[in-house]
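As structure tokens, here come the structures.
Two complexes follow with chain A in common, the first pairing it with chain B and the second with chain C.
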Partner chain A sequence: MPKQIYLDYAATTPIDEEVLEAMMPYLKKDFGNPSSLHHFGQITRVAIDQTRKKAARFLNCSESEIVFCGSATEANSLAIFGVVKALQKKIKKPFHIITTKIEHHAVLHPFEELEKQGVEVSFVAPNKIGIVETKEIKKAIKDNTVFISVMYANNEIGTVQPIEEIGKLISQINKNRKQKIYFHTDAVQAVNYLDCDVQKLKVDLLTLSAHKIYGPKGVGALFIKKGTPIEPIIYGGGHEFGLRSGTENVAGIVGLGKAIELVEKHKGDTERIKNLRDKIIEEVLKIPNAKLNGSRENRLPNNVNVSISGVEGESLVIALDQEGIAVSTGSACSSHELKPSHVLLAIGLSPKSTHGSLRITLGRFTTEDEIDYFLKVLPKVVKRLREISPF
Partner chain B sequence: MKKKNKKVVVAMSGGIDSSVAAALLKKAGFDVIGVFMLFWSEDTKNAKWNRCCSPGAQARAREVAKILDIPFYVLDFRKEFKKQIVDYFLKEIKKGRTSNPCVECNRFIKFEVLFKKTKELGGDFLATGHYVRKRECKIQNAKCKIYKLLKAKDKEKDQSYFLWRLTQNQLKHLIFPLGNLTKNEVKNLAKKFKLPVLGIPESQEICFVGTSLEEFLKKYLKPKSGKIVDTKGNVLGEHKGLIFYTIGQRKGIGLSGGPYYVLKKDTKNNLLIVTKNERDLYQKELIAKEVNWISGIPPKLPIRVKAKIRYLHTPAPATLHMTSNVTRTVLVIFDKPQRAITPGQSVVFYKRNEVLGGGIIETTINDKL
Partner chain C sequence: MNKKQFTLYSKKVLEHFQNPRNYGKMKNPDGVGKVGNIVCGDVMYLYVKIGKKKNGKEYIKDIKFQTYGCLAAIASSSILTEMVKEKTIEEAIKINRSQIVKRLGGLPPIKMHCSILATDALFEAIYDYLSKNKKPIPKFLKERHKQIEKEKKEIEKRYKEWIKLEEKLSKNEKEK
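And now, the complex of A and B:
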């Protein structure tokens, strides 16, 4: 095998050395249960509280508004099922909820499940460049709309959604309403690069994940604005303000805290990554019949998603893997699916052309040399695959 | 053959045969890549996965690849499998014919779709765990070579019946590492290589059927009940739908005063024709279509062969004749009548150990009655 180049940071990121170092004591000597009264418990309780503080500072909220979960998927489920459950208890009449057609399955499938259970749901379509326009959300809002979830940045095509604008719209509408609309955003892909100030964004709930920001897998967090009606979906010992029972993953949560700290420290790196991204886009589009998916301007600094006609995405991923380059066809989750990407379909690609899509996502440890190597290999691989016919 | 730097893609199912095949190739010095194919399956409460490629099988294949230290990829062929294998099987059943999904799977999935993937992976060869042998022969006074397909050394396990559709070009790029081994030798090799594949039951069922074939057919086809008649046209009773019966079947016809045997399915009139006289099931002649000759060159007919009409049939002496009109069609006349020749099944022609070719059984002489 040649050298290994990782260009799939949207799937997951490597753990930063500093994160691992911060976690180590809690995997070794500081093993206490944070709920214990004794000294062992006190140490780990403090560690969790410190992460809560860091997260609160990062999101510009108070510490009591942060709940740690076992993953971002779980945090999304808590946000969606938890709020809807609480609202169902409060409002006795049928109500309406809204999301978009380009959400991650961790949001899309809970909404589909609620629809099956009889809740009225609208799935708002994006425009051709993968942006859900505020005016479309406005159009979808009804008198009985109570909950809206729009992702901050798309995991497949990297398009950045106008969360601040939608937040403003909703808070405007809420002024004249008895029953407020609650606004959630899945910010998993956004945390590294975008402003996540919840006051500015005017969101009531926000989801983030540790393993997308150089932290460990198995940790997510949910911001829940004070006063938001929410019920737990997991019951037990009443951990995390009663919203997420289960002994805390102390080392993981500490890792998340360190990872959040490092996001702020590495903010200056964004420009470098963006330049590498632009270099890729420019070069890849020189391949005949290659097309960029999603907006060129409103996209994450680390995301490139292209459709290359005449080649299957799966074949490209495998061929590049043989050259030591790790990329993906879409989301890592969709690799298990038979269906074409729902995101690419939503922005108007035909089912056939979704099969030739390739997602290249960069990160903190990506170097210019790696990109040059990738750009040298890709056109050759595409050319070879396009020429292949069965033996 | 220079093995160094030759790349082989091996189809791994997580079973003992393909695992040992992969291990042997690795040991021989090839640059080996393991692939696991995902096939479509009926989604039922009891079974969500195709028997050939369950998550357990996938995990085993991956573990073997790890032990052998070879790259491993899962290839999703569910869409192709549904279209080319399952839909074709159902279409044939509807026509009153019983096709062999394994023959079609080898043809379309393994040796077409997977062959293309092999090339994409930069593979020089594709290898499978089939029990068959390939032999390279030089043609006299010619520079070119010809590849022969031979029965396996282990006559009990021989799977050449399923591979009659192979072409020279495919054979050229195929490796069958188990052809010269017996099942026992393969078991011992698995032990020797410490592969975690012993004691896994081998399935005989159709791989994509969830619970039972009858349930499957009920779900995907509309059975139409009709009359059961004897050869003279006397009505004897009702059948549940022709799709549920196969030629030669004795059990489950539901007539008293038997035993009766299914002789023929008249799909045009929705009649199930049965007989009490088992001798009626025996026929000497059949017409084979879509005939393929492994050598790529049709032999001069007539020729003497041994012909096999289903996987568990003992090849019987027969003569192949030209038919008057159509190409790729052969008239097969057995020396002695054979029981339950079934339209849709494969007939494979052997000369001693060599597979000459085969075809799909189109009609039997009974159909002309």
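And now, the complex of A and C:
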């Protein structure tokens, strides 16, 4: 029986034991509805507020600026549709919004939807190494620009975007404007490794997810700076300051709180993960006709993304899976829509190179032994598939 | 790998993917069928050598494939070569995708087109052999050939931008 090696931490992370432990009471005896007045409800209300405190401390904001959602996708939708809706009511004139070509679909598709609805949208292209440069954002800004969303770190190629720099630029521009520009960042992939101090980043909205930081699935959170115009996109009982109705996922939210706490505790692990990443990059590039996608330096410490010519990504993923290794690809075959990765196309890869792309993402539980095993197996699998391939 | 956890592909598909039959390039083939498009992510080359049986009927004496694509494409090509090897041309062109899918123990719906690609590669290889040798081509093969050509053009039209990009970029890569 081969080993089981998980190298797909950007897709999701396993729940940390401590997180699960923290959640358990709220799946069992402490089941009360946080909106109930009796002590069952009080217990869960307090639990939610404790997570809110932890999130606020982590992001360096106030507790009333945190809204819990059912996922990071939902948090992104709330940020984008919610702010645009509020601004439409306020401004009454056509306005312009900006995002990038390498966003996660949870940001890209809401912007495309708004474009369909008649809002003017600019999709800013990254450079060849997958960085959206601040000067490109600056160029895209118009007199009537009111909202900008740029992801903190890319989920496919791991490139880190200059959020602090863009934040500074926008706050500079805002000084001379009557109608300010609101700035959102999807920080889902960044939380484990990068500074998420919203004061430093100068963002008005920031999205995070629990299941990318060793917490449970089904919980996201949105930081909304006080004073940001925003309308709910879900209506009901008025939970979460009226911005996200629906009885709170108490256990999930508690799990998120614990997960955030653990991120701080594990900050020291980053160097170890980075060294493993560098080892992979060095070794994988020894395979003939293998290329690194995205910046070599400016990338998350846990992300490797390579294109290997002559092999198709899904075949590669399944062949590695048969050897007990779990990784991911941007190949068309692997997607629901049979479309190759928009991120890889945006950084100038040919469709052929996108089909042969492989994403390896490391995490808290990755060991050097696992990486050595992966590096032993990969060249063999590539060789086998190349033997079958016509080119 | 825990076998129980893996249910998307049948055992047979995984087995053919792991140990494909009759793969590689053939020297001096009598017919070649090339289908698929790199832009879409699936390309299949099928080579045949034709022999004559004692009763005078022509048959597939040898067959080989080369496939770039997902595991469903590789498994479909592999099993196809197994199914038609030693078969007469007459018998071989009766093969259809549902036979392939059945022999593979099923394919996920999104992967059904991979089995069509395999049969098309075979039809094209036999068409190539017959037309090169000025032999009569069965009506079915002629029609299928026309259809495949038409689909190729449609794909090229649909993915025109990408194909242009592909050509441009691979030219750049070569120049480097």
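Just so it is clear, the second predicted complex is superposed on the first by the 382 of 391 C-alpha atoms of A that agree within 3 Å, B and C clash if a C-alpha of one lies under 4 Å from a C-alpha of the other, contacts with A are read in each partner's own complex, and residues count from 1 in each chain.
One rule holds for everything that comes next: contacts are C-beta pairs under 8 Å (C-beta built on N, C-alpha and C of every residue); 3 or more make two chains touch, one makes a residue touch a chain.
Fair warning: this is a prediction, and the values are worked out from it, not measured in the lab.
Enquirer: In the overlaid three-chain picture, which partner chain does A:199 touch, first (chain B) or second (chain C), both, or neither?
Expert: Touch partners of A:199: none, neither chain B nor chain C.
Enquirer: Which partner chains sit in contact with A:388 here, chain B, chain C, both or neither? Use first/second/both/neither.
Expert: It touches chain B and chain C both.
Enquirer: Quick check on the superposed pair: does A:172 touch chain B, chain C, both, or neither? Answer first, second, both or neither.
Expert: After superposition on chain A, A:172 lies in contact with neither partner.
Enquirer: Applying the document's definition of touch, where does A:35 land relative to chain B and chain C: first, second, both, or neither?
Expert: neither
Enquirer: Taking the superposition as given, does A:64 touch the first partner, chain B, the second, chain C, both, or neither?
Expert: neither
Enquirer: For A:4, decide between first (touching chain B), second (touching chain C), both and neither.
Expert: Only chain C is touched by A:4; chain B is not.
Enquirer: Could you look at A:318 and tell me whether it touches chain B, chain C, both or neither (first, second, both, neither)?
Expert: both
Enquirer: Applying the document's definition of touching, compare chain B and chain C: which contacts more of chain A?
Expert: Of the two chains, more chain A residues are contacted by C.
Enquirer: So which positions on chain A get touched by both chain B and chain C?
Expert: 314-315, 318-319, 321-322, 338, 388-391
Enquirer: Within their complex, state which residues of chain C touch chain A.
Expert: Spelled out, the residues of chain C in touch with chain A are 1-2, 6, 9, 14, 17-18, 20, 23-25, 38-45, 66-71, 73-74, 110, 159, 162, 165-166, 169-170, 173.
Enquirer: Would you mind writing out the residues of chain B in touch with chain A in their complex?
Expert: Touch list, chain B to chain A: 71, 73, 75-76, 78-79, 112, 115-122, 169-170, 172-173.
Enquirer: Which chain A residues qualify as touching chain B in the complex?
Expert: Residues in contact with chain B: 314-315, 318-319, 321-322, 338, 385, 388-391.
Enquirer: What residues of chain A sit close enough to touch chain C in their complex?
Expert: 1-2, 4, 310-312, 314-315, 318-319, 321-324, 331-334, 336, 338, 340, 348-353, 355, 387-391
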